[in-house]
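Data first, discussion second: the structure below is written as structure tokens.
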Amino acid sequence: MSAKLLARGLWMWWLPVGLVTFWWFASLGTNSFFFPPLNRIVSVTIRDLSSGLLLNHLRVSLINMLAGLAISGVIGVGLGLIIGGSRALREATGPFLNFVRAIPPAAIVPIIIVAMGVGPQPKVFLIVFACVWPILLNTIDGVRGMNPQMLEMAQAFRIPFGLRNRRILFMGALPQIMAGMRIALAVSLVLMVISEFVGASAGLGFYIREKKEAFAMAEAWGGTLLTGLLGYLMSALFLRFERWALHWHFQTPEPGKAAS
Amino acid sequence: MRGFIVIRQVGVFLGVLVLWAVGDALSLFNRDIIPSPLAVLEAAGVLFGRPELWPTLWFTLRDSLVGVAIAAALGIPVGLLIGIFPKVELSTRIVLDFGRAFPAIALVPVFVLVFGTSHTSKIMLIAIACFFPVVIQTIYGARRLEPTILDTVNSFRIPALMRYRRVVLPAALPYIATGVKLSLSISILVAVGAEILMQVPGIGAQINLARTYNEVPVAIVLTLYAGIMGVALSQLWDWVEGRMLAWHHREGGL
Amino acid sequence: MNAMTTIPSAPPMQVRNLSKSYGYSQILKGIDLDVRPGEILAIVGPSGVGKTTLLRSLSGLTGLTAGSVSIGGKVVNGPAPEIGLVFQDYRGSLMPWMRTLENVAFPLEGKGMPKARREELALKCLADVGLEAAARKYPWELSGGMQQRVSIARALAYDAHILLMDEPFGSLDAQTRMVLEDLVIALQRRLGISVILVTHDIDEAIYMSDRVVVLNGRPAQVVDLVEVPLGREREQIATKSDPRFVEARNRVMREIMGG
């Protein structure tokens, strides 16, 4: 392995590894109730993971998140392509959409949970309600930022509406759409956590709350950290996926493209 | 045709209102989630009469702004350091990636246990959540210098500190401004979320209260207020940014 | 070698009294043109006079303020199926997420043609412009000149009989330009299409075309229609040293600079 690669690896990893190691050893002997030693946090988390308990919660949370994201994606991209493709629609809906996206999704959590009860539906609904906006707005922006010559080409060759949307608008806006999905990913995690805190019978958020109410500090910390890890892994995976799907985009310096 | 556009924009709002009213009249909606427009209007009126409304709005606003201020005070220097020095960027990359993917709201139970339900924990939460957008935008801005400017600066052998202060920082300012704007929007969302979960004074706590008393229209009105607040903050910031960064917009960017 | 006498496949195009204004400013006034089947017609004029506006009006992308455009006797409103457009900025009109073959076949997909047939046709058109080896490549893997050839192939695949080209070789270097000029001439001779070419390069205009339309004035009008007396055989060096070439060029230049 080349020395350069090694040096780079060292630079990238010294801080995270160092921080964790420091935390581990600094907390080893503590009796603090609120900040249990890291090794204990890790051991109880592993315990709950291997017993299948945490895995189950993880699974429930993941399924809800992915379902919510998928639905948001379909609605957000579908609507976004139509609105983005028409200048009149875009300008007319602008202020309205900007207002609705500023509404804190957390605010409607109490209402939804009470009205729809405990279970996957309210959670998925909340996630969709929150995640549809970044996807929708980014899709609109993506279409708007496309090179106008490409749209003229579609007009000149009389490309029908559906084909134009699918193969031109969607693909041209894809880099922006991906950016929107990245945001939606983070948002879905937040909403999942909040909705599970407030009213749930399963899921990571529920686990954390349950442990907190039982004053099981190490487990509560463990669940929190696991949530963070989940977010990190999902966004890292998504970045890989994005790079693959947009390989053609990273090659072209498109000079005619409008800034987005 | 500016007026034409505004008419259509207002039309969209009115259209939604009409759909809402019609849907309600046809009993299409679950009244526990979407009350009738009249009930919401009525609730808005009632709320205005209640003295505890205004301090509530202020609490949310104040804590959001403090949180953003802290996030910016910490985030901008950190972002500049990372953007300017490649070694720093490499070192902090993984930690930053982890931090930005971490849902700050997940810290609420732990914070509540450790720091209690005070508005200090709320502000800390907001600051943590808003820290990352500021840092990331600042990094972006600090790195985004045109090669020709860098070449010019280097060829004249301008000393480092002066280079950072007079070239890098001004070039990064528009992106820093975007970062702060993002934080402002996020801060309201996090503030309300924290208030709902921790029952700290603010819009979120009022929403919870309204829900407990089954006053769904009141809760809806409060939700809309939060949205308006978010939009207003963004617009206000745009205006401030426009005045301060007039040169950027004139030149069309650096 | 005699030029082939292909029967032109292109219908005639008639432009009558075409005028185009944007708001209160009139760009084009009273343009009358007859595009003969199988001819190469160049449109020249000073910078900003409205050459592109005229081409866009002919292509149907921009509406007319007055007048009419007819193809084969029928008035057209909007992009006609007989017309193929080649843009100046090939990077803006070729889709980077599709391979070359898909790009060329795309207008056929728009017509509803099944996959096997359209790819076969697209391949044939790529071969016509000498690029069948690039079929599986992405546009950004090709040079500027090659990308422009793909653009031409796409218009051909669409079964365009009238090729409209807006400064197609403007962003290319001189050698590539010469190769592509000859390519377009060869395609015209072989397929019998008509070509309407907007260019700021007067040499190119005269070298390639059978007639040159000179636009000038504000609003722009046709100030001259020059018949290029060079026959149907063109060669880069021989033709450009022909005295009649120089004469025609000087005449056009005078009209552009004098106006």
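Letters A, B and C mark the chains as written, and numbering starts fresh at 1 in each.
The criterion applied here is as follows: contacts are C-beta pairs under 8 Å (C-beta built on N, C-alpha and C of every residue); 3 or more make two chains touch, one makes a residue touch a chain.
Just so it is clear, the model here is predicted, and its values are computed rather than measured.
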Taking chains as nodes and touches as edges, what kind of graph is this: line, ring, star, complete or other? line
Where the centre of all protein Cα atoms falls, which chain's Cα centre is nearest to that point? A
Most widely separated chain from chain A, with each centre as the mean of CA atoms: C
With centres defined as the mean C-alpha position, give me the chain A-chain C separation in Å. 48
Rounded to the nearest Å, the gap between Cα centres of chain B and chain C is 52
Just how far, in Å, is the C-alpha centre of chain B from the one of chain A? 17
As the complex stands, chain A meets chain C at residues 147-150, 152-153, 155-160, 163, 167-168, 171-172, 174, 248-249, 251-252, 254-256
Sites on chain A touched by chain B in the complex: 8, 11-16, 19, 34-35, 88, 91-96, 98-100, 102-112, 114-116, 186, 189-190, 193-194, 197-198, 205, 208-209, 211-212, 215, 217, 220-221, 224, 227-228, 231-232, 234-236
Within their complex, chain B touches chain A through residues 5, 8-9, 11-13, 16, 30, 32-33, 87, 90-95, 97-98, 100-110, 112-114, 185, 188-189, 192-193, 196-197, 203-204, 207-208, 211, 216, 219-220, 222-224, 226-231, 234
Report the residues of chain C in contact with chain A in the complex, numbered from low to high. 59-61, 79, 81, 83-85, 87, 89, 91-93, 95-98, 106-107, 109-110, 138, 140, 158
